[in-house]
């Protein structure tokens, strides 16, 4: 039998300690993504952005004298497939540059810890915090919602006793966002009207009726783009003209070309921890330019920025680990935790505290047709003190 | 099940379907150990009567007593448990081999449950072996032993009818109900079947109630005949007396000499 | 009925071989002529291949996983292709073995299904004719066919086939399960239809009746034509008399005639 | 196939299965274990739908009961995340989870007794949706949307994990969780297969077949139809319970998403592709249906003419290609073997026409 | 009260669109005894065809194209399957539809990508109001169109030769063949009809207030399963009634989820199934389904 000869902690020719996924010539990373399931468009943008990073880095000689490589595994948001894919790629992986879906992250959490493998999830729930080998890039959904409620309070002139609605997905994304809005509502003495929906829900008229009946002055939504549009569409149809604010994953630029587009431009705002791709930051301008050059015709959406951000975190960690001459998994994770001030596309992040998100800042954005990514900035990255 | 044949007493049985009285106050008695024929025009209610006796239909009124037990209201499997077996007018066999069908007939006589069968406990294995032996004897008696381990699907019509009868016999019944056992057979085959039915009675001593349109067969076999028409009993007696009954001739036989 | 035109509907069966499931050879070279305007009877024991022959004519073999290996059939000189719909369009209708009424449909709907090609008026006329021949059906017109008694279903199956006013009628054991009087009745109906110009191919176990009403007859055995001739000739044939007409029926006592023995079950 | 070569084939197959952990990688072992869980579940559905003729689209629900049942029974009580559990020894919990699933089936069998065909199928489909609703809402038991992790199996102190005894080597091969679990799964599958085969060849099997072919005939032969229907339902649930619990062990995590409609349909596909009523066919098809998408997804990267994700070129991605291939495989298998895999090996009718003495 | 009226009206509107899908299930089931798992992807194909053609040919013709495409695809599926599975039983075909669904959905997803496609319907975002009760015009149009279509199909079932042929073929294939009924044609027509109905449903599903047609639009077809069963698998009227009940119960469960929160949140998906099971316990063959007739 040839099974079971694993080389861990061997010394490379250049004196760098290497672990799984790292040879003298390449660093292999993996991505557990969704290219065929509900988050396929997001997954595609992230994969593209990260591949762009790999290509550019390799063109500049790679990291630590080694070329980068990302093995992309498409699980279609099916946890079982994801676990199988993880088992497959894990033995030859130095780092996970993306993991889509909080259930997937939860499912492999134990293994990540056991194998000291650093993963960058594309899910921003605060339950991801406190895990030494899981690194959220950006602020969490709950914090975003606190920022969002603060914005709505100012915009809609909410006063104590007013009602706001929150339509949210079942699951960690929605529930974490709800925790934030609950907290903010309590602080602002607002009454929160909750409406839980499922990713399969396509028609939200009943929910809108209920919200209108409850007399809400503003509505939060933490769902997918389709549901955001369905909500705003139904609201417009029923004459509920209050402002609506969505979590970042709830918006897609494609919505602006639909019948609901005008209503979205009128009523919707989006809260996002990552800068919009239209942001006036040089790093972002370069990214958008390069991205459009490499992927002509592909939509430039928030996924591009998210994927790129995670890639920056990976690059930083690998670089720092190289400097320590330790490219084992432990070495990479340790180097990552030493990063305290990394500016990613205009947002400063600090990764040293496992229990805290690297930033608590968020943008308030607004749909605008014709703008790259379909969103323009209303309020720049800022932190609302809880 | 060695208990001797008993009397079957049908009294005032009525069956109604939406707007149709299929059986109207029908009464007759099958004496223990006799061959009793039930005849009548199409739609007279003969099969319905069988369905009541075997518990497939529930009578609207009346009573059926066998060996002193009331049958109306009992579910079919309980009636089967009392030793009453039947065949169907349209052959109803289950998938599988002849042996499978015959062993199904022995369901009520065997006890192996899910657990003992799944674990192949010796008790279950022994029981299966013993009853299979008997099923083979019965198959041999009906002349289908050669097909014992063959699927029933492609068997000829006549053989399939024989499998049905063998399956009923496998229940070791005290009362056997046969619905048109020779329909679709030619005279030679009919004769053979008549001999089989007679032999069953002779050797097992059980009662047999038979529905048949072949008057030749009825005359040769039956000890007593009950005639139904439009759900009512119009005659009852020995084959000879019934055959001469003008009402029976008018309703059923037609020109008598034509009956094959 | 219209004045007599020379009857059409001659069926020629030429060295027909049929196999089921690529394994069971049911017909092994059957040749037969069914003359226009006549009733032709086919006799034979269980499994001889009678139903197979009819299926080959009506084109329903494929539904039983059967295929014609060689040989062929022509209707008035035109080959039949094994497509049931074409056979019906050519005026040939079969009453299948075992009744096969549409159980969920009412009696009336069953009849309508039999006369699909007819226009409204023609269909009503055809239905009246069937009701006249088989009054039970009129009484039960709204009953679901599946709930009727065996014999009633048999009558419906016949009535349904008559709706189309066929040129050639294929009957597979029409007397199965019918009371003696009804058998006579059906025999009479078949004769009447034939007299009106319909060619009839009749498969029957009740050979006495079959030979009485038919012009010609054949005996099928193990997939081969054993005997063929006029109905009178066959009715006089000793073998036919013994095997199919039950001559010498008053043999020994039935129970003693049975070859095997069976003891009681000891429990 | 005559007896001797058949025995040889089976013997050889068993040897290969026993030797596999010494050669196969974790991915293969895990995929194999998924397949084993599916085999057990598929046998159960085959007994219900194939043998008894009761269509069920609710199998995923019962698998879920088995999986969550085990997780809850074996799970530590009062963990930090607010999850409850009984903390029973894993083997006991496994047995109880199977029993629990049977009980669930028993409770629901009155519905199964009343409904038939497509109606029963879609009514059981309701179980899947109601089940998922419960799984999402009963947080303390199920962990909600993200599910909860699974207590590993432990056979009298020998843990089927990478842990104690840590670094176990057998013949120089490291025996971690998957390798150890492999034999546990293999044992379960063997028991499941043999039990089903015995059942079908014995009295209960015949009675169930009769219930499928003709309720009236079965009843008249003395079979209490309703009771046997319920029994079939319960037995199929016991299998589903075992399959579900094994799935949980392989998965090490249970999430509601897994136990959706798609899973139920997959099982239906398994028994139809296997050939309705054939236990062996269902088992083989279960392996096919679980492994094929896994393998296609795993190896789709190596297919030619595909657009690698991130390459920017047009054309189907490996994931899409895997789906195309899987869809095409289903179509192809059913076109080549409309009677299912079992239909391919089933004996053809005997060559000789039956002779009749007229 | 307006909330109640609105919820009911929307439930009805939703139900009437479900009915078009449910009717498709029913028609195919009646003709072939098959549960068509590919119905969702056929619906998506119909909608997609409308979306890509409407700019060139205008909305009415585009709907026709969509109906032709979806009907054609369903018909093609039937034809290929009938060829391939010659004589095999319905369940093999049922499973085959799963494979086809996978193929079709993947192909369409590849084409649709992340986009939301407009079908160019004439109602846009117009809203009709009756005394405070607001409902979009597209919804009203949906109710009218589906009631008309369902009435038409009902009449076809009942009085046309095709309807009778189909019912006869469902009862007994061989006997139907002997009546000169061309099984394959009758079935083909049923599949095509079902596909065309699904395309019409797609148009209304994509209409305002929905953002348009996207890759998940077909998934709604699943919601019509309980509708078809609830009504009785073999009845056109049943499909309508069942769909209205399903539409209403899910709208009410969604609209009143706060009041129902004792049963757990997110009940809207479950409510239709609960209603269905309850109905089936009382009427095992659905509201309008015919009893299986059999006797021995």
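Should a chain be cited, it is by its letter among A, B, C, D and E, assigned in written order, with residues numbered from 1 in that chain.
In this section, a contact is a pair of C-beta atoms (placed from the backbone, for glycine too) under 8 Å apart; a residue touches a chain by one contact, two chains touch by 3 or more.
Since the model is a prediction, treat every value here as computed from it, not as a measurement.
Engineer: Give me the set of chains touching chain A intersected with the set touching chain E.
Structural biologist: Common neighbours, chain A/chain E: D.
Engineer: With centres defined by CA atoms only, which chain is the most remote from chain C?
Structural biologist: Max centre-to-centre separation from chain C belongs to A.
Engineer: Nearest whole angstrom, what separates the Cα centre of chain B from the Cα centre of chain E?
Structural biologist: Roughly 49 Å separates the two chain centres.
Engineer: For chain C versus chain E, what separation do you get between their C-alpha means, in angstrom?
Structural biologist: 44
Engineer: Measure off the straight-line distance from the CA centroid of chain B to the CA centroid of chain C, and report it in whole Å.
Structural biologist: Spacing between the chain centres: roughly 28 Å.
Engineer: For chain A and chain D, what's the span in angstrom between their mean Cα positions?
Structural biologist: Distance between chain centres: 35 Å.
Engineer: Please output the residue numbers of chain B that touch at least 2 other chains, ranges allowed.
Structural biologist: 47, 56, 88-90, 92, 154, 156, 186, 188
Engineer: Among all residues of chain D, which ones touch two or more of the remaining chains?
Structural biologist: Each of 136, 214, 216-217, 320, 323, 349-350, 354, 356, 358 in chain D touches at least two other chains.
Engineer: Can you pull out the residues of chain A that are in contact with at least two other chains?
Structural biologist: Each of 36, 44, 170 in chain A touches at least two other chains.
Engineer: Considering the complex alone, what residue numbers of chain B touch chain D?
Structural biologist: Within the complex, chain B touches chain D at residues 54-56, 75-77, 79-81, 85-86, 88, 92-96, 100, 103-105, 107-108, 110, 112-114, 117-120, 124, 128, 150-151, 154-156, 167, 171, 186, 188.
Engineer: Quick check on the complex: what are the chain E residues that touch chain A?
Structural biologist: It is residues 2-3, 6-7, 10-11, 14, 106, 109, 113-116, 118, 124-125, 127, 134-136, 205, 207-212, 214-217, 219-220, 250-252, 254-258, 265-266, 268-269 of chain E that touch chain A.
Engineer: Which residues of chain C touch chain E in their complex?
Structural biologist: 58-60, 62-63, 65, 84-85, 87-89, 93-94, 96, 100-105, 109-110, 112-114, 116-117, 144, 146-147, 160-161, 164
Engineer: Taking the complex as given, what residues does chain E use to touch chain C?
Structural biologist: 87, 161, 164-165, 167-168, 170-182, 290, 293-295
Engineer: Applying the document's contact rule, which stretches of chain D touch chain A when the two form their complex?
Structural biologist: 22-27, 30-31, 34, 136, 144-147, 149, 162, 171-174, 251-253, 255, 257-258, 293-294, 297-298, 301, 308-312, 317-320, 323
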